[in-house]
Structures are given as C-alpha cells and as structure tokens.
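I have a structure I would like to understand better, so I am pasting it below and will then ask my questions one at a time.
Chains: A, B, C and D, in written order; residue numbering restarts at 1 for each.
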Amino acid sequence: MRAPRPGWSQVTARVAEHSPYGAGHYWLDLDVPAGFGAPEPGQFVQIMLPSIVNPTLLPRPMSVAAVARRAGGHRLGFLYAPVGTGTRALATLARGAVVQTLGPLGRGFPLDQPGTPVLVAGGRGVAPLLFAAERLGRMGRRAQFVFGARDRAHLVALDEAKRSLARWGGRLHLCTDDGSRGSRGTVVEPLRRVAAGIDGPVVIHACGPHAMLAAVADWAMAHDARAWLAMESVMACGTGVCRGCPLARSEPSRRAFRDDAPSLLGNRDYAMCCTEGPVFEARELDWERIH
Amino acid sequence: MRAPRPGWSQVTARVAEHSPYGAGHYWLDLDVPAGFGAPEPGQFVQIMLPSIVNPTLLPRPMSVAAVARRAGGHRLGFLYAPVGTGTRALATLARGAVVQTLGPLGRGFPLDQPGTPVLVAGGRGVAPLLFAAERLGRMGRRAQFVFGARDRAHLVALDEAKRSLARWGGRLHLCTDDGSRGSRGTVVEPLRRVAAGIDGPVVIHACGPHAMLAAVADWAMAHDARAWLAMESVMACGTGVCRGCPLARSEPSRRAFRDDAPSLLGNRDYAMCCTEGPVFEARELDWERIH
Amino acid sequence: MPRRRPLDLSVRIGPLTIANPVVTASGTYGYGDEYAHVQDPAALGAVITKTVTLRPRVGNAPARIAETAAGMLNTIGLENVGVERFLSEKLPKLRSLRATVIASIGGETPGELARLMDWVGEAPGVSGIEVNFSCPNVARGGARYWAVPRRLERTLSDLRRRTRRAMIAKLSPDVTSVGDLARACEAGGADAVTAVNTFVGMAIDVDRGTSRLSLATGGLSGPAIKPLALARCHEAARAVSIPVLGSGGIMSGRDALEFLLAGAAAVQVGTASFLRPRAALGVLEELEALLRARDVRRLDEVRGAYLAPGAAHV
Amino acid sequence: MPRRRPLDLSVRIGPLTIANPVVTASGTYGYGDEYAHVQDPAALGAVITKTVTLRPRVGNAPARIAETAAGMLNTIGLENVGVERFLSEKLPKLRSLRATVIASIGGETPGELARLMDWVGEAPGVSGIEVNFSCPNVARGGARYWAVPRRLERTLSDLRRRTRRAMIAKLSPDVTSVGDLARACEAGGADAVTAVNTFVGMAIDVDRGTSRLSLATGGLSGPAIKPLALARCHEAARAVSIPVLGSGGIMSGRDALEFLLAGAAAVQVGTASFLRPRAALGVLEELEALLRARDVRRLDEVRGAYLAPGAAHV
C-alpha cells in the first residue's frame, strides 16, 4: 500500500481565467500562492466559494487538469461541467474572484509504473488525463490516448489533448456513442485495439463516468492489464476525517489489508476515496458494491 | 383609515444599471415588464435573487427611489447600502442579471395632503424622498428638503436631490452630525427653522434611521405638524399574510380602530408595516413600543 | 402528438376527496383570499386557513421573524381574527372563490377546542378541520402541552363527535416519537395527521445579548427543516394507516415528490408562499410534470413507494 | 497602546479545567492529529475524538453523506478503530501534540459502556470522557434507545464509579424534553452534558425513489440546525447546574457567543471543520476578539447572560 500524501493546505486562490469550453463545460484557472503544494496528476482540490455567493455548504472536489508555475505560486487548471447547485454557482465567478482551495488531496495516477501507459478518458473525465499526458510527456514516456464521449461535441478539450500529444508524442484514439466522431461505441473497443498493438505490459489510467470505469475495470481484469481509475464519491472533508466517502474493497484487497494500515486511508471493508484514492487499481475495489 | 392598495404582482426584472453611488452605497435600476404596477413614492418592492446566487431565504424590501416609463414597462431605481448578507449579495449582480420583484407593496406618502410639504431624509433614507420630491414637482407643489447624515460623504445622492429641486423648485437644507457639510447636528434643527419660515400647516414626509424618525415624530407631535414616516420592519411576505411585521399602535390609534377594518392591515394593537405602512403618521404609532 | 394518459391526482382524507395533493399550510396563506389575484385557490387541493382561536388574538410583540440559515424563525403568536369573524367574513369569501376550505383551529385546552369545533365542525363551506396541536409560540396550549399521546387521543375522540367533516391533527416535530402521537390521533378518530409544524428554535442578537425575537423561542420553517420534517413524516406514515399530510420546507415539485415517496398522501406549502405567492401552484405544476414523466396514473403508485434500504452494518 | 486587560477563557468541567471554551466535536476531527499541520490541537480547549466502540467498526455502506439546505446528513455508522487501537496508537500521538484529550465512547448497552469506561476512564492522557448517548446512525444503542431518563441516570451512575475524570453525556435533540434528559445526567453524576448531537433527517433521491443515503435516515448537522441546537442547549442549561457544551451549526465566533449567551459553558465545532480545517481555531480567535471588544474578563460574565424576553401575549 502506497503511503498517504500529507501536505495539503487551504489557501485563498484567485480566478485568473474562466471561460466556456464547449458542450456546456468551463475551463477555470486558479492562481494559488506559493504555500500550496504542487498537485500530481489525478490529485484533486476542494473548491469553496466565498460565503456571500455560496449556495452550498460543502466544498466541491475538482481534479486538477493542468499545473503551471508562476511568480509567487502555481496556476491550476480545471475543466468542469456545471451539473448542479455548486458547480453552477462556480460558473458565475468572474476573473479576479476568490475561492478557498484545499489541497492537493488524495493520491494520483502512478505514472512511473512499468509498462506502456494508455490513458482512457470519458467526457469531462478527460480533465486529469490532460495533466497526466503532459506529465508522461515530460517524463519522456509515450502515451496512447483513448478518448470517448457521447457525441463529438462532448469530446471536450479535444484540442488540448491533441496539442499535448503533438508536443509529447503519443497517439489519440477517438470514439463516440453515436459515431459522430471516431469509432462508434464505448472506449473498450479502441482500448482493446490499442492494447493489442502494444508489446509487453499495458498500464491504463482512466477517468470518466462510472459505467465507463466499470467497463474498463472489467476489461483490464480479464486481460491482465493494470487499470488505475479515478473514482468519485460524495465528499465532505476531502481529508479522511469525516469518513464520508467509502468505496467497498474487493475480496483480495480485504484479505491483503493489514490491521496497522493508516486508519486515515480506510478500514478492512472500505477505502476512503479522498485519501486512499481517488485513483484505485481496478482489483482493489468491489465493483458489485460500487454504484 | 385609507384603503389597502391591492394590485401587486411578482415578475422577473432585469438589472439595467448597477453602480457604486458613494459612501458604500449602490444605485440599482431594474426593468420590470408592463404587468407590474407603477409604484407610488414611499411604496416598496421585495427583491429576491436567483436561487443559484442567493444566500438568503427571504426577499429583501427596498423602497422605490425613482420610476421611469420605458418601452414595455417601467424602470425602477433603488438606492441601497450593502449592510448584510442579502444586500451584499445583491451588490454582486451585474447588468443583465435577473431578480424576482414583488410589488408595488404598501402605502406610500400621501403627497396630496394640504399644507406645505417638508421632506426629511436621513442618510440612505433619502431613497423614497427623491421619488417624492420628483412627484411633488410634477404635481406643481414646492417642497422643502431637509437632508441629514453622519458626515458629508453619507449625504448620498445629494446631486440627485439637488438636480430634482433645481428642476422642480424647492430648497435644500443640509446637516451632518459632524458639521462637515451644512449645519452641525440632527435634522430637527433645520426642520424647526424650515417650519418656522412656512405659513400655514406643515406636512412632513420622512425616511431615515429609526432614531431620526423618532425625533421627527416627537417634534411633529409637539408642534402640531403632520409627519408621515417611512418605517422599517423585518419582513417575510411583504403582503400582509405572514403577520411578521407588526408595529405597535398608539393609544389614540387603538381607540380609533374599528373592528371591521381590513384584517390584512393589522389588528387593534398592531399595524402591519407592509400593508398599513410602511408610511405611518407619527400619531398612529406607539413610539415607546417601537425599537 | 402523444396521447396524454389521464393522471388522477385526487386524494382521500376521510370523508373528503381533494382534487390534488397540494394544499397551503396554515398561517402562511392568510385566510386564502389574499393571494387570489395571482393564484386561483380553487386550483389547489385545498386551502388550509390561518389557525383561528375562540377569541381574536393580536399576536406577539415584534420582532416576530428572524431569518436563519435556509430557514426562518417566527413567533407570530397565533394572531387571528377569531372564529366568529372567520366564519362571517373570511369563509364566505373563500367559498365565493370556490376553494376547498380546511379550517385550522387552535385551543389551549380540550374544552376550548370542543367549543371551536362546535363553531366550525359543521359550518357550511368547511370541508375539513385541521386541529393545530403544535403551535410553538403560545404561552399555553402549545406544542409541548399536546405532546402527550393520551391527551391527544382523548381530545380527538371528543372532537370527533362534533364533526363529520375531515378531521386532521397537526403534530409538532419536537417529540421523541411522532409515530406515537400519530397513533394516538388515529385511535382518537382523526381522519389524517399533518407532520409537521415548525421546530422550536432560537436566535440571539449577540450585540444586544437578547433574543432576535420578542420571545425566547420561535418556530423554524423553510428548507433548513426539510430533511427533518421528511423523516418525521415518514415515521408518522409508517405508524398509521390514515393519510399523512407532509409539511416542512417544501419549495418545489421535487420536494413534494420526496414527501409522497416517503409516505405522505398530500403536501403543504408554507414558507415558500412568502417568497413566491404563486408557490403552491408552482409546486403542483412541477409535481404534475414529474409524475407524468414517470407515467404515473394515480398517486397510490408513488405514495410510500420509497424503497427503504437494508439495515445498518453493525 | 491601550493596555490589554487579561481575558480568562478557562472553563471548568468537573475535575477538568480547559484553557478555553472551543473544542472539536466528536467525529468531525478524526483522532485529533489529522489536522495538526494546519491547526495546533493544543491551542484548543480540548480535542474530543471520534467515538470509539469496544470493537473496531467499518461503518455503513456508501452513500454516507447527503448535502441539504445549509446542512448535511451523515450516516457514517460510527466507523472507528476500536478502543484498543485508540489507546495504543491514537492517544499517544495526541499526547505528544500536548492536546487536552476528551475521549468519546459509544456503546449499545450499559454493559458495553461500562467495559469501555474501564478501558478509557483512567487511561493516562485522557482528561475527560464524552459518552455518546445520541448516535442516530446505528441499528442498536442509538439516540432513541438512550432517550429514557431513568436508563441514562442508571447508566451514568454506574459509569461514574469507573472514572474520576470529567464525564460528559452527549444528548440527542430528538426528544420531547432535552431538559429532562439533562437532569437525569446530572442526577447520574455526569460532570457536564453536551447539547446536542445531530437531528434525525432523511433525503430521498426522487429519480431513483431511494434514500440518498445507504440507510433510511441520517443525522443532520451544520448551519441549518443552529437555531434548533441553540434552543435545546438553552433548555439543557436552564435545567441543570452542571456545565453544558453547546453543539450544532457553530461556524463562527458569533455563533459561539450565541451559545455562551444562551448558557453554554463551552462550544463544539463540528461540520465547520470539513469546510475549513482551521475552523475551530478561527472560532476561538473570533470569539476572543468579540469578548475583548466587550471588555469581558471571564466567561462567567457572558455565560447565560442572555436576557430572556417577557412572556407571550395571550
């Protein structure tokens, strides 16, 4: 079991850029001060609006989609969809507005694992994988990038993904449910094809809707590939103290669980999504008990 | 007892103009559609923000400070101070934003009363009196305008008041607590001077902090002048149904109360600020039981 | 155009059938005619009027309202015109508006309630009577006084003999078991119970060191209490077989559907009307759309259809 | 520079004196060390740790959290490491951080609590014990089981013989009279009571027709419940002469002062810590500034200093 990452903090961040990003999505750039740790791909932050315009009680978790160093700290990029109360309120913030940002939180994708990395993104789940692709590029590792969505419009940030791959090498494989771009169907078919073309072990890093992750997990477990999946859960604290975000462990994971494992991460039955995750290897979770 | 004014409605209004107006105040112009009745000076509306950016449950009452006809309805002007949660959230709205507007509510200043009208404003209480001055002007009635505040900066909308008086005639008498503009002290001293210079009955129309209204009421009752005072209360509905905004009646008002008076206005002990008011004649209220 | 399948929204409450499950909550809709120019009261399931008492009440001193997070405290103190003026002036207006009227009555003792019931229990134009056993804002005869199952049962048995109309008992949430109270009401012959009235709450002005209300406590209503009211409504609905009217924080059709799924037969719209005088009709319209989208034809199909989860991990 | 008058924030809870009245609420601050890098736990009055049970508990299935208007429902189900690991691993960490530790314990029966008290009641480094009589999220031994004054009193009398440390009884708000329960605790020998734990609530996903939690109900916390918690805290404080710890929706120094004015001797910061891990220290700093601005020198000057208004108009 990997060790928990401490070192988060809560800071006031400023909106540096905020604009519509296609298919109802938004791109948000937040400037965080130097004290804020640099996030890794797959890590997330908890964003909380100033109370005067905040319709929700709890902060909202968001994966980091990009990190750039700047004078006096970092600029963090986010790609999100305004699906409910909190994210719709977030979407009203103008440049210059401030938000409370807690992070970096959780454990990201283990991009240094041996094997050929295959990134699998579904819709707005592309966010952390943009960051992962960039990081893999800097590490000098070639990645294959499978990107699916319900239709071509929902291949959000496709240009970003292309630019990244163009810069760092690697290939893009598109698919849509309706066939309006790339192959028709889910990401599993392109994933199969890509994997078939790879010599040696394949390591998947995926983020997307639950059904997609479940399908990728199935495929990976059936094909002896590792699959690191960015999971979601309702969250309150994001730091392991509230115990609000359990994901059921698989039987092997339960058996492997050691009683002296850090309790912050979880217990024999449940892993906390915010501390042990949000990224889990497919075999760690009990997919029948996760909805 | 004057009859209640029915005919309010709730409409979606659009922010046509919204800008800082000195000493921390804001001027807000709202465009309301044609169905919305034209408010009278002293009437108010209940403003409610869209739920996604609304930190409060209840709408907030605001006096109408100006009304202009426009194609397809009216433009209503408001002058307000962001003193708490609701008004601070209101202050964040940009031009084009929409709010729910309920009104026109309550009963305004009886500007047609015989006697020389003297308008007395304290700080942001000037809002409905700007409207009253304008209306008196259109009615061809000359008004004297006493305007006080804690210091010169808090004589908000002073230019507006001047313009209005310049256009319609009438004189402005300024005072500040610290003497930084006009005479030093409260509005009572200039009120006394103004009244002394008037032949025949004086009718005061006043709006301002509670202490000022109480002082004006005292003066008027001691000097046999009528004083119509725009009162405030915490409010929920603004329409008389919740019974949340009572103001204690004076003994004479209790005695004069008729049991078949419209219950929407109040009862023998209490007048509802939102229906029988917000404008009351000084003698109608029990100033010892109003805080 | 797809043929619309008929949607029967009617609800039976003892001898009374209301056309749809959305009614106004007592005390939040006046005597029912005040909002008539923006919302047809006859379009609602029923109008539950402000609680009336034997004699008119002027209500408590101000401040009567304090806003809190997603809620409001009130301590109106049952200001009302009294039962006589209600019958002579308010009821005729409502009847002329063709609204279904449920009259709310409140008393400090079983005897007072009996006399009130004698006034309204058979009055023409009164379709039902809601007995307010749960006002948190009166010195006597308030929620705690009535939070005793035996007292409730006995009182209702007596009231039952005085009316053949739908008799509804409105309960306080501030009890250990609202289920026990609901059972007592059923045993006493109530045709339905309302769960729940406001929760006792308090707010202090820290600058003055005094209550933000003229009394020490008030009743909390609004979205803040919705999850609490829903749990109590669910408990009441499981405890009895008579219908339960849900009340507490219902602002939208989705909120209403939550209560129906939890077992409510109908819902009351309260505080929402202060924000939007047309709130009750809005709730009805939204609810109807939600039910149509689910292809529901009768309310029985959703009432209590909430699927309770398994037991706790232990 | 004006000379600062000394401000004594200390609070006595039976045999224990804590340096200031702001403590963390059980279950919202883990085992006290998780936030140590952003907030010095020794700077707080005390740290009340997550409720521990005799054996470790894995907690309830997801979903365990549902946000509601200005509040959150939780049904964690007392997930905890068990009393043994608490004593061997968590307590030493907290002691090394020099925090004042109040250990929370929870049991399904008086016997279980007795055994737990035997573990922690005299353990070195445990300054006090909060007995959680009010968990809404467990199948057995939860809030309703303990909402019986006699049971509470007897159980506490027995526990009293097992510890000389400060013994605090944490009460549920979901009772007809929290004052009665508080009196039972005082009679049973508790040094203080905490008022209150979360309120039982419910939220339904209307699209699926199921609970938004894995159980039917959860406990509501956060700003939504503040007015309700304040009223119950006030009732408890008036009922007993032992100190009362206020809990429920405290997010700021002003909130804390409301509870002190209503009669609380100390306050617990709960849900606020999820939003801002430094919330408890923030509350303390704000409270201190408010007290200094009022020229208060000792907490007695504000505790219960709330001026109750006159009686209701009737």
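Note that in this section contacts are C-beta pairs under 8 Å (C-beta built on N, C-alpha and C of every residue); 3 or more make two chains touch, one makes a residue touch a chain.
Remember, it's a predicted structure, so these values are computed and weren't measured experimentally.
A.B. asks: Kindly list the shared contact partners of chain B and chain C, in label order.
C.D. replies: none
A.B. asks: Could you find the chain whose CA centre sits the greatest distance from that of chain D?
C.D. replies: Chain B.
A.B. asks: Using mean C-alpha positions as chain centres, tell me how far chain A is from chain B in Å, no decimals.
C.D. replies: It comes to 54 Å between the two C-alpha centres.
A.B. asks: Would you mind pulling out the distance in Å between where the CA atoms of chain B average out and where those of chain D do?
C.D. replies: Each chain reduced to its C-alpha mean, chain B and chain D end up 47 Å apart.
A.B. asks: Take the average of all CA coordinates in chain A, do the same for chain D, and state the distance between these two points in whole angstrom.
C.D. replies: Inter-chain centre distance comes to 36 Å.
A.B. asks: In chain A, what residues contact two or more other chains?
C.D. replies: Answer for chain A, listing residues that touch two or more other chains: there are none.
A.B. asks: Taking each residue of chain C in turn, which ones touch at least two of the other chains?
C.D. replies: In chain C, residues 58-59, 61, 70-71, 222-223 touch at least two other chains, as defined above.
A.B. asks: Going by the touch rule set out above, what shape does the chain contact graph take here: line, ring, star, complete or other?
C.D. replies: ring
A.B. asks: Would you mind giving me the full set of chain pairs in touch?
C.D. replies: A-B, A-D, B-C, C-D
A.B. asks: For the complex, give me every residue of chain D touching chain A.
C.D. replies: Going through chain D, the ones touching chain A are 27-31, 34-35, 37-38, 56, 58-59, 61-67, 70-72, 74, 76, 79, 81, 85, 222-223, 271, 273-278.
A.B. asks: Taking the touch rule as given, give the residues of chain A at its contact with chain B in the complex, in rising order.
C.D. replies: It comes out as residues 51-55, 85, 88-89, 92.
A.B. asks: Which part of chain C faces chain D closely enough to touch in the complex?
C.D. replies: Going by the criterion above, the answer is residues 57-61, 68-71, 73, 75, 77, 137-140, 144, 147, 174-177, 199-204, 206, 209-211, 213-218, 220, 222-228, 230-231, 234, 249, 254, 257-258, 261-262, 290, 302, 305-314.
A.B. asks: Could you pull out which chain A residues touch chain D in their complex?
C.D. replies: Touching chain D from chain A are residues 6-7, 9-10, 48, 56-59, 100, 102, 233-237, 239-248, 263-264, 267-270, 289-290.
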